[in-house]
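Both complexes below contain chain A, partnered by chain B and then by chain C.
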Partner chain A sequence: MKRAVRLLHAGRLRPLPALALVLTLVAGGFAAWAGQDWYRAAHDEQAEYAAQRDAALSAGEQAVQNLNTLDHRELKRGLDLWESSTTGELHEQLASGRDEFTAQVKEAKTVSTARVLSGAVTELDDRAGRARVLVALRVTVEAADGAKSDKDSRMLGELTRTDGRWKLSALGQAPVGGTSTG
Partner chain B sequence: MTPTWLQRRPPPPEPGTDPAPDPADPPATDAPDRDAPATDTADRNARDAPDRDPDDRDAPDGDAPDGDAPGEKGVPHGRLRKAVLAATAAVLVLGGCGFFYAAHQLRSQAPARNHALTDTEATTRVAGDVGDALARIFSYTPDGTAAAERSASTVLDGRAARQYETLFARVRDDLTEQRVTLSTRAVRTGVIELEGDRARLLVFLDQSSHRGDGNGNGKDKGKDEGDVEATTAAAQLTVTARLDDDRWRIVDIKAR
Partner chain C sequence: MSTTRHHINRQRRRQARETRPAAPAGHPERTPVRTAGRGTTAVLSPGDTVTADPPAAEEEKPTPSRSRRPPVLLLLCALTVLLGGFAGWAHAEAEGLRSEPERSNTALTDLARTSEIKGQVAKAVDRLFSYDHADPGALDEAAKDLLTGKAVDQHHDLLADVRARADEQKAVITTTVTESAVERIDGDRARVLVYADQSSVATGGKKSKEGEEAAQDEGVYAAAMLAVDVVHRDGRWLVSALDTFGR
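Up next, the complex of A and B:
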């Protein structure tokens, strides 16, 4: 009699652990799937490349803006910023021409302020750490007498990644009426 | 304590063998239920003791202890196992949800959604299409504005189409009168954003215009006519394009 009761009892208890086991297994399957999905998303080369592209663009835009901004009253700060935004040949050029340039700007007493209108990355070599950007820029120059003039320019910049940061290694105006290169 | 209980209790179960164990059993299994949370307190002994008594009291009954002992030990084990199972399931579900959410976050991040350059083929294609389209719609000869307008109707859409129409309506007569030849070339094209069927591009254009002084052979889109007056201007545009029937159409143009 007792046995029967106990058996009945056991019979009543069995389905619950079975269900729990199944649910746990399902949960495990879900966790495993989600885990590997996350792993793939986190180690997606495309996403890494896209992140590099965006990093290069924002660094490029900022650097181009920096190099077109200079206040004769704060020359040292401005020129330090120029040097910290650049690398390679461009950096050397700026550093070697610094004194001469300082004298010129002090003489002219100009204040240039640049604003990036738009920018895009045209080439990106993620491994080599090189990129090319297009930047449409508006530079406002305030002369010594307070007269302001706006000038739009289109810049082509080349970026090189140094110590994990993108810096300008070359900068120039896109030539007008020159040869076409898409 | 137990002995006294044992001494006092044995008689009642013996007469009522059948009904007695039945009511006695559920409490026996229930008791550990209530006891489980308070396992390590002194309480347990106090409360357990009377609960266990019916079991102990079963002892003299014969095979009862055999069945009861595992029952008594097994049920908390089962409980524990169930709790562990439930906790594991909960952790797995939570973990799974966490991973799922993290993966979704990674995928929906702006850099990952923007396929500019990551999808080289599509990037080249949209840049080429848009560059060509701009060159075509902004190149015309004094008598051939219709061709430019025809191109415009195929490559422009939405706001860009309206902008172009307004612009052309205003200058069409002047163009013919002044014998203006304009040729436009996309010098540099950069894709800012490429997401599905929408793209935003930065285009540097060179536009050279010639004023032909009305010498009539404007249809040559001439290099040799009015060359002396040729002026080249630079333009920067940001263009929004939409992929329509497998072809990129410009829907908005902003001069920069």
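Up next, the complex of A and C:
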């Protein structure tokens, strides 16, 4: 009887710290696992790539829309937007043709409004900072007499990342039947 | 006198024996000494110190450890809570990062799947939008083969006019996908943007229907763009919806 009590007494003292230690170790194991899981999630290369893809696409869609939107009453603002949406060769083309274009649009008195129907990235080189996008566009042109006409455009754009921002470096329409329509 | 002494000795011996089983756990090095001292009565007198010791030690031991053990226990508990808390928090962070919409979209990040989808969609669109008046069954077969859900009706509506006109003109309509890009892949669902050229060659019948003046022997090309929703089923990608952007 006495013996049993003593054993119990001795047994009670030992398992408690042991249990606590086991629990701590288990918690430590979980913490280590969760920690490295979190680290991996935060430094996932695929996620980084996906983020670049989405950044390129949204910048591309916006730039394509910008370049197909122009109001003859707000030419300066519109054309400034064109230039800020582009880079490289396309940017130079737009800048050099600006005066001529301004005169044309002022004469035609048109208002073009573009809406992106859909867009997707076809290629993405996130190291080189280059991407290719398809943007399905619907452009509504309002002529001087108020007549409106819709036209769908199958745009192909090339984007270049400059200073961390994606900008259009080339833009054209997908050729039809092997010949380009513009 | 001798009885009392004998009784005391017996009691002491019993006490010594009783403390033994508990001893190994705490002080294993002491046990062999005591075992050696057993049997010989002469050792009983030095054994006195041993037998007298345990109760003293029992009382002595907890005193320093009682002041030491709770902090250790407390420390372990605190550490457990801290580590457990961190584990939970880090797990939540990781899950939060993973559930970001850009990550669930594996277009381009999963290159193999992306090109598989592009390839199958291009083939499907080629078949679904091509029509030969001489072989009308091919289109029905393609529809049965490649379409699912509401795409069945959408395709039927889209092609009804084309079909009727092609039959009338004895035309062959050929659709070729020129560009395509995967917008989104979310598990077994995906959406693809497709640019296609549609050529129609009339081989006879009434010519010069609206917009097809040139469709005599030369093919006329029409530019088409559409978004195609696909679902993965039985190892294949089936078209589940067609979006021609309201055209």
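Going forward, the second predicted complex is superposed on the first by the 164 of 182 C-alpha atoms of A that agree within 3 Å, B and C clash if a C-alpha of one lies under 4 Å from a C-alpha of the other, contacts with A are read in each partner's own complex, and residues count from 1 in each chain.
Methods note: contacts are C-beta pairs under 8 Å (C-beta built on N, C-alpha and C of every residue); 3 or more make two chains touch, one makes a residue touch a chain.
This one's a predicted model, so the numbers in the text were calculated from it and none came from an experiment.
Colleague: State whether chain B and chain C clash or fit side by side on chain A once the two structures are superposed.
Modeller: These partners clash in the superposed model.
Colleague: So in the superposed three-chain picture, is A:Arg73 touching just chain B, just chain C, both, or none of them (first/second/both/neither)?
Modeller: Neither partner.
Colleague: Quick one: is A:Arg127 in contact with chain B, with chain C, with both, or with neither? Answer first, second, both or neither.
Modeller: In the superposition, A:Arg127 contacts neither chain B nor chain C.
Colleague: Examine A:Ala34 and indicate which partner it touches, taking first as chain B and second as chain C; both and neither are also allowed.
Modeller: Touch partners of A:Ala34: chain B and chain C.
Colleague: Overlap the chain B and chain C contact sets on chain A and report the shared residues.
Modeller: On chain A, the overlap between the chain B and chain C contacts is residues 2-3, 6, 16-17, 20-21, 23-24, 27-28, 30-31, 33-35, 37-38, 40-42, 44, 46-47, 49-51, 53-54, 117-122, 124, 133-134, 136, 152, 154, 156, 174-177, 181.
Colleague: Give the list of chain C residues in touch with chain A in this complex.
Modeller: Those residues of chain C that touch chain A are 18, 21-22, 25-26, 69, 72-73, 76-77, 79-84, 86-91, 93-94, 97-98, 100, 102-103, 105-109, 178-183, 192-193, 195, 197, 199, 219, 221-223, 225, 227, 243, 245, 247.
Colleague: If we count contacts the way the header does, which residues on chain B are in touch with chain A in the complex?
Modeller: Listed in rising order, the residues of chain B that touch chain A are 17-18, 21-22, 25, 29, 64, 67, 71, 78, 81-82, 85-86, 88-90, 92-93, 95-100, 102-103, 106-107, 109-112, 114-118, 127-128, 131, 185-192, 201-202, 204, 206, 208, 232-234, 236, 238, 256.
Colleague: Looking at the complex, which residues from chain A come into contact with chain C?
Modeller: 2-3, 6-7, 10, 14, 16-17, 20-21, 23-24, 27-28, 30-31, 33-35, 37-38, 40-42, 44, 46-47, 49-51, 53-54, 117-122, 124, 133-134, 136, 138, 152, 154, 156, 174-177, 181
Colleague: Which stretch or stretches of chain A touch chain B in the complex?
Modeller: Within the complex, chain A touches chain B at residues 1-3, 5-6, 9, 13, 16-17, 20-21, 23-24, 27-28, 30-35, 37-38, 40-42, 44, 46-47, 49-51, 53-54, 117-124, 133-134, 136, 152, 154, 156, 174-178, 180-182.
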